[in-house]
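Presented sequentially are two complexes of chain A, the first with chain B as partner and the second with chain C.
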Partner chain A sequence: MLPRFWRKIKYRYDLVGTKCKNCGNSYYPPRNLCPVCRRKSDIAEMKFSGRGEVISYSVVHEAPEDLKAQKPYVVALIKLEEGPVITSQLVCDPENVRTGMRVKKAFRKYGEEGEAGIIYYGTKFVPDE
Partner chain B sequence: MIGIVSYGTYIPRYRIKAEEIARIWGEDGDVISRGLGIIQKSVPSLDEDTATIAVEAAREAVQRVKIDTTKIGAVYVGSESHPYVVKPTATIVGEALGIGNEYFAADLEFACKAGTAGMQNCIAMAKAGVIEYGLAIGADTSQGAPGDPLEYSASAGGAAYLIGSKDVIAEVEAMYSFTSDTPDFWRKEGQPYPSHGGRFTGTPAYFRHVTSAAKLIMERTGLNASDFKYAVFHQPNGKFPARAAKMLGFSSEQIKQGLIVPYIGNTYSGSSLLGLAAVLDVVKPDERILLISFGSGAGSDAFVIRATKAIEDLERNPKVWDKIKGGVYIDYGLYLKFRRKIKVR
Partner chain C sequence: MRRVAVIGVGQSKFGELWDSSFRDIVLSAGVEALEDAGLEGKELEAMYIGNMSGGRYLGQEHIAALIADYAGLAELNIPSTRVEAADASGGLALRQACMAVASGMHDIVIAAGAEKVTDVGSKAMEILASATDREWEVFTGATLASLYAMIARLHMREFGTKPEDLAMVSVKNHKNATLNPKAQFRREISLEVALNSPYVAEPLRLFDCAPLSDGAAAVILASEDIAKKYTDTPVYISACSQASDYIALHSRKDLLTMQAVVHAARQAYEQAGIEAKDVGVAEVHDSFTIAEILAYEDLGFAKKGEGAELIREGVTCLDGEIPVNPSGGLKACGHAVGATGIRQAVEITLQLRGEAGKRQVDAENGLALNVGGTGATATVTIFTR
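So, the complex of A and B:
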């Protein structure tokens, strides 16, 4: 778990993905190959603005063990302003969330491996309106 | 010219009223609020800690000037509630901001003045030409033991300052420290809550250090209270900074804009730096600010800061007072859960 998380820290701490310079499509999580251009892919790293819009969401009432204290919480499908759609926890009261809501990235704790374990941080979203 | 290039702040959105805490312990909320000068305090949620507060404040500071973050050559995070005892918060901030790997970094600890200590480091390094930009952050999610008087004030928040020599919005004209070995407040390894010397925290600790540092810097710079438009003192409660200001000849008008403790509580390492940010939100070119932090143990850092013309071009929204106002109230039960005072398996 630890090495796997460490390798992805850059992409979790911020919205760092990739962009294909051949067709202009951008990807998050990052891709090494553009599915549109395939062999003609011209991939470069890019940082997303962190602003987007909720296109769908669900309220989680049956949470996994380490997220139980946070329930009910919102998991949303968010369309970033650069195009990619990602799934993320949206830190928002369940009664206030709606599709079309403008959101922005936020740096938060994902969880920790018990009392003595490592703390995992990453990107979540919060309302931006 | 060395000084502040940009600044950013973060205040968690939850609030608990002193009255609600008093209800649990059978005290009179009104009497407590008036006695401490604290109406309510900020509370972090379960997925917020000193590292997340530091990152959010730092991101706001950097976004306002849109500099290339790899030009930041130093990151110092001052806190008494670093998430790890061993493992720095500064590296988490560096990674989240995309600073790269070439930067000086350390976590600092000096009770509530570790953030201003980081600012001194950055100012000195920028002056020596060792760094182009440095990031000094003061952030805390401080805890008071349930039922302890500290429970009414210990809160969460932070501020980040980008220090450098180009496009300075507020010049640091002078800085001094007044330091002594005074055991007014402490926490030993493995102890969840701090201990304090009760009334001892007042005269020999807070007032001695704050007023000595302020007198020292005014003497050395030849400035009087009337030369400052604003003064910001460390704010463990609403009463101490008001009394210190009076002792030094400052009016309540001079401290009002930076006095945020009544509405968010004592954010420890974030306290005087959040107060300074609230002042920078409205300060005009050439106006002077006196900043005096205080850290138990004990010491005070003093700064004379003067706004430049460049401050008018800096994006200063959202303002600290807007963030203070946008809170959501919780009751004592939720507060216990958010502060992990009840164990969730």
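So, the complex of A and C:
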């Protein structure tokens, strides 16, 4: 798990995705081939503002082993202002989440793996209103 | 392309099969299928296995050869192939077997699906979650239930679907399972019980979620001319289509439509020369209750957004116009991951033969929908008498 995680660290920590200069679509998570243009893709890195809107969410009560201590927690589908929709955790009281709420990115701990206690960080979202 | 017939079906019981090993379970389904077809075993020319994760559930890979071996086929040295598409693995195995016979490559083949999940205890669900995007969905803490929950919340908001509608799907499937001796949960539940069960991932509750089960199923396929030598009641596979979509829910333009299902269904209807209204019985992939509502819409039984009306009006009940999941579905018959797609084929075959016992419905055409993960793979198979 560790090398796979490190490989993506830039993209996870700072919402760096990609943009296809051929069609203008932007992608987060990053893609190296544009699904609209395929071989005509012209991909460049792009940093997202980190602002967006909740389009749906769920309060998770049955969590995987590594995340049991955090439950209940909120996962959400967030539409970034540049267009892409992403899945992320939302740091917010489950009672206060609502569809349509404005959110912004925040750098947070995601979890620990195994007894070695490797800590994973990444982007979560917090209310922005 | 040759016409393909089902000449034998078999299924293990689904559930927590503590006393049985993976090999035992597969064997019981395979032997039942051979007996049903009246074959000795040596007639089989090839084997296709749907299995999602022998590696993580059992620490065992090379499942295809293992199963051929314990099915007593090692001396025959037939080609045995495992295919994987998460919980649509069984649907893929069926399609591979179908293509092998239709193309003329083989005359008689077996397609099986098998999974043993209970040996890993509470890890079973996390392993199934690898059907979604490990890096960009699972990493964030999104469980399979939470992804379907977000679809459900959106469906409720857009179309007015209610938690009661979802619960009614569960109640129906539990009721059907009481009539299925192979089902995992054979007791009726009330709407109140379903609606008051604990949340798994809001708005989905315990009774909105299919269990993870041990189980296996097998079907034997043959070309039309050969089928007639073995059975007086062949059931024909008039189409078997497969489609894919973005692996992660968040990448899809329309979160409320499974494009893989829409595409596979459109192709299957065209190939079979029928329309959605001609389907008389269906087994669909109700891994979560909302998935059954989406299936009604994406298969064309209802318009987009109107799926819940079918359950409210009893259209999909056992005595309704299009009975859906007469077996009890994944919710109550059980969800043995890679076995599910084959188990659905077993049920539709029994229904079209008129051998479904107390849950028998009257139908000329049957349909099976098997879905992988949140819809990145779908297979639609149409059967006809």
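Convention: the second predicted complex is superposed on the first by the 126 of 129 C-alpha atoms of A that agree within 3 Å, B and C clash if a C-alpha of one lies under 4 Å from a C-alpha of the other, contacts with A are read in each partner's own complex, and residues count from 1 in each chain.
We take it that a residue touches a chain if its C-beta (ideal position, glycine included) is under 8 Å from a C-beta of that chain, and two chains touch if they have at least 3 such contacts.
Remember, it's a predicted structure, so these values are computed and weren't measured experimentally.
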item	value
Three-chain arrangement built on chain A, chain B and chain C clash or fit	fit
Chain B or chain C, by number of chain A residues touched	C
Partner chain in contact with A:I119 - chain B first, chain C second, else both or neither	first
Partner chain(s) touched by A:R108 [first = chain B, second = chain C, both, neither]	first
Touched partner set for A:V59, first chain B, second chain C, both or neither	second
Contacts of A:V91 with chain B and chain C, given as first, second, both or neither	first
Spatial angle chain C-chain A-chain B, Cα centroids [nearest 10 degrees]	150
Contacts of A:I9 with chain B and chain C, given as first, second, both or neither	first
Partner chain(s) touched by A:Q70 [first = chain B, second = chain C, both, neither]	both
Shortest span in Å between Cα atoms of chain B and of chain C, once chain A is used as the common reference	12
Contact residues of chain A, present in both the chain B and the chain C interface	70, 110, 124
Complex contacts: residues of chain A adjacent to chain C	4, 8, 29, 35, 55-65, 67, 70, 73, 75-77, 84-89, 94, 99, 110-111, 120, 122, 124
Residue numbers on chain A that touch chain B, as the complex places them	9-10, 13-14, 16, 47, 68-70, 91, 106-110, 119, 121, 124
Contact set on chain B toward chain A in their complex	45-49, 51-52, 55-56, 59, 83-84, 92, 95-98, 337, 344
Residue ranges of chain C touching chain A (in the complex, touch as defined)	122-123, 125-126, 129, 135-143, 145-147, 149-151, 153-154, 157, 198-204, 246, 248-251, 255
